[in-house]
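Both complexes shown next keep chain A, but they swap its partner, so chain B is in the first and chain C is in the second.
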Partner chain A sequence: MRKPIYIFSSGTLERQQNTLVFKDGDGKKRYMPVETIADIHVFGELDFNKRLLEFLTQNEITLHFFNHYGYYIGSFYPREYYNSGYLILKQAEYYLDILKRMDLAKKFVYGAINNMNKVLEYYIRRGAEELSTTLEELSHISSAVETQDSPEALMAIEGNAREIYYSAFDIITDSEDFSFAKRTRRPPQNRLNALISFGNSLLYVTVLSEIYRTHLDPRIGFLHSTNFRRFSLNLDVAEVFKPIFVDRLIFSLINKNQLKAKDFSTGVEGVFLSESGRQTFIEEWENKLKTTIDYPPLKRKVSYRSLIRLDLYKIEKHLLGDKPYEPYASRW
Partner chain B sequence: MEQQKEPQQGNEIEFYNEEQFLYTGTQVYYYVICHRKLWLYSHRVELEKSSDKVALGALLHETSYPRLKKREMLIDSLIKIDVLEESGKILEVKYSSKMIEASRLQVLYYLYYLKRKGFDGLVGELRFPRQKRKEDVILTEEKEGEVKAALQNIAQLIEPPSPPIVEWSGICRPCAYAEFCWG
Partner chain C sequence: MFVIMAYDVNVERVTKVLHVGRRYLNWVQNSLLEGELTKAQLARLKADLHKIINDEQDSVVFYISRREQYLERQTLGLNKGGQTTMI
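Then we have the complex of A and B:
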């Protein structure tokens, strides 16, 4: 199994024969055998050259960049190594045909709301009965999905659903340090918002890295409009997984006191995780992705990370007219 | 019109016959193994690269018969064969005899292909290093019929816009497409 690499310090990343070497400011070197790396996440300042990018391309490694505050900037997405012209044509066809596009876009929204429900139901079972009203409101919204006829309208519904769902966060976390108030994005205005933004960024790049290992083109999304400059399919697929991957992780980090107020900084750029906070988050994030769960269709256990890949395959099968896409539904 | 590729290091032979088969040995092999796999592969929905099994097969291929003088030839940029230097036999090495039927047809296809190009009387040989076993493959008239039928079927199987529906068989478990088909 290839592993993701996270680089927090600043320095130089270069190729030395068949190995990657990271030299930090003090001249300390870290060697990383290239065949063990899945993708690289860069949080510090990084110097590199074209030779490095060529090396990463040869070895099919994506490179993701985050800014000083931990927010996603962009990726180096090497030339695809799986390439099916037929599938790309199908993907474009499903994008251009509004009925086909809406069909898929709705599935992402249903998938997202369904998994939000699963999160709420879990906390209701554990005594937070007041969340039942949230659940009802969500199902109300969910019933409006079917009648939407444009991706924009669908995105608005998605936004409403998420707003209602986020209103449950204060009940779930019950922590003064992490009160939610409302969702604020750029910049996040409080700690919980900072956590959501950070977690979502990690999910976006994880899905992007998984898309790289399929035949899909990340530039053609269905719910999120393609604007030909940005990746958007990963945003679509991430919607399905946010509640079970990101939100659950945040609740556990807060409720187990793994993150505290001191792990955040506040500045003109809003509130963001400090480096130590980011490291804690990423450590638990990686643990989560590695965790395996029973997966009945395959009659074996699979990791959380592979759940993403399996959904991407399901989308491919949908596009090939093989089997309609059913987004991953958490069982608890 | 695009120029045909130059022969590489003398091991690629180009034929300029009118008749062209458009299938690779792998397609003929997959035709026997699983029609769905054939369809997916033929539409370039490939998944083999990440499979360790394939890497293992390639490694075995390279290390099985170090003293054997063989030459890899790519013909019409389409089929890749190993030729034994001494006997001129066409060799195919497989790491498992489980897929023996498929390998047989693959070699028969090579022989048929070459015969149509004017190379008559060639013989194939299958080798199974693990089982220390080998087997001659001879293109009889009957076998030729089998190959022709297979080629026709392949054309029909890969023609539809969607893959054939998934059906469980014993070879699904080790198949590189298992997660794709069953996940």
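Then we have the complex of A and C:
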């Protein structure tokens, strides 16, 4: 499995001797094995040239950029190399046919709610019994999914579900430094919101990089409407994985005291993870993605990162009419 | 799998071998690289090296461990290089 590289330092990224080299301000060189890199996440100031982009395209490496606050700004998404006109047509067909589109969109929402349930159930088993009411409210919402007839209404339902689910965060973390209050974005108003925003951006780009390794077109989403510029399929798929990847990681970082108040900075722009906080987060994020778990359909262990790819393959099969898509359901 | 590559080749070919090695593995110290590879990647690395080395004079040795966790790495003195995901 190819691995990502995260660049926090400022310097130059170059092609040299058919591999990648990063030169920092002091001219110190670090060679990186191009054959084993999946994607590069850039947080620092980076100088590069077209030759590098050509080289990344050749090696099928995506480049993701984040701004000073850790917000995703954009990606260098190399020319598609897994081209399949047939699949793109199918993807468009499923988007244009409202019934087919709703069918897929509902599955993403079901998948998301199901995995939220799993997270709550875990903490109920660990003694947070007051979460049972949250769980009930969620199942109430979930039963309303089926009757929705437009993607917008479905998005609203999904939003409600998430709001109810977020109300459980304070009970799970039980930390003064990380009280949740309410979900705020752009900018996040407190530490927990900052963590959610940062984690979600990491998940979006990870899914995007995985989509690049399939025949799917990231611009055609089903739950999130396709518009003129944005990638949206990765947002759809990320919904399913947010509770088990991002939220669980956040809870463990807070509950194990790996992140503290000093790992955040507050400014007029809101609250953001500091560089040290981001590094801790990413380190644990990478460990998480590397972790392998039993995957019964394949009768072997797969990494969390591969779960994303496997779901994308399931979507491909759905579009080709082979087998209906069933979103990944966490088992515990 | 986790691969350690050590090479001892004619001085004319040292840099060539290093350049190929760096495409797949992380540099640890002179003539020594390490990294996580798939079977296919290792096969390609070997094929690439084979084009360069002279079978009569050069030697490249691979130590292969199924998982990195099964291997304990101890260092005396300087830690010159190794795997990185964060720069």
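Assume the second predicted complex is superposed on the first by the 332 of 332 C-alpha atoms of A that agree within 3 Å, B and C clash if a C-alpha of one lies under 4 Å from a C-alpha of the other, contacts with A are read in each partner's own complex, and residues count from 1 in each chain.
We adopt the following convention: a contact is a pair of C-beta atoms (placed from the backbone, for glycine too) under 8 Å apart; a residue touches a chain by one contact, two chains touch by 3 or more.
Small disclaimer: the values here were computed from a predicted structure and weren't measured.
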| task | Determine, under the contact definition given at the top, whether A:Gln17 touches first (chain B), second (chain C), both, or neither. | result | second
| request: Based on the superposed arrangement, let me know which partner A:Gly127 touches: chain B (first), chain C (second), both, or neither? | output: neither
| message | With both complexes superposed on chain A, which partner does A:Pro296 reach: first (chain B), second (chain C), both or neither? | response | neither
| task | With the two complexes superposed on chain A, say which partner A:Glu35 touches: chain B (first), chain C (second), both, or neither. | result | second
| task | Check whether A:Pro4 is in contact with chain B, with chain C, with both or with neither, and answer first, second, both or neither. | result | second
| request: Have a look at where A:Ser306 lands relative to chain B and chain C in the superposition and call it first, second, both or neither. | output: first
| Taking the contacts chain A makes with chain B in one complex and with chain C in the other, which residues are shared? | none
| request: Using the touch rule from the top, collect the residues of chain A that touch chain B in their complex. | output: 81-87, 213, 215, 295, 297-298, 302, 306, 309-310, 313-314, 316-317, 320-323
| field | Of all residues in chain B, those that touch chain A in their complex | value | 43-47, 49-50, 161-163, 165-166, 178-180, 182-183
| field | Residue numbers on chain C that touch chain A, as the complex places them | value | 19, 22-27, 35-38, 41, 44-45, 84-87
| Of chain A, residues touching chain C in the complex | 1, 3-9, 17-19, 22, 24, 30-36, 279, 282-283, 286
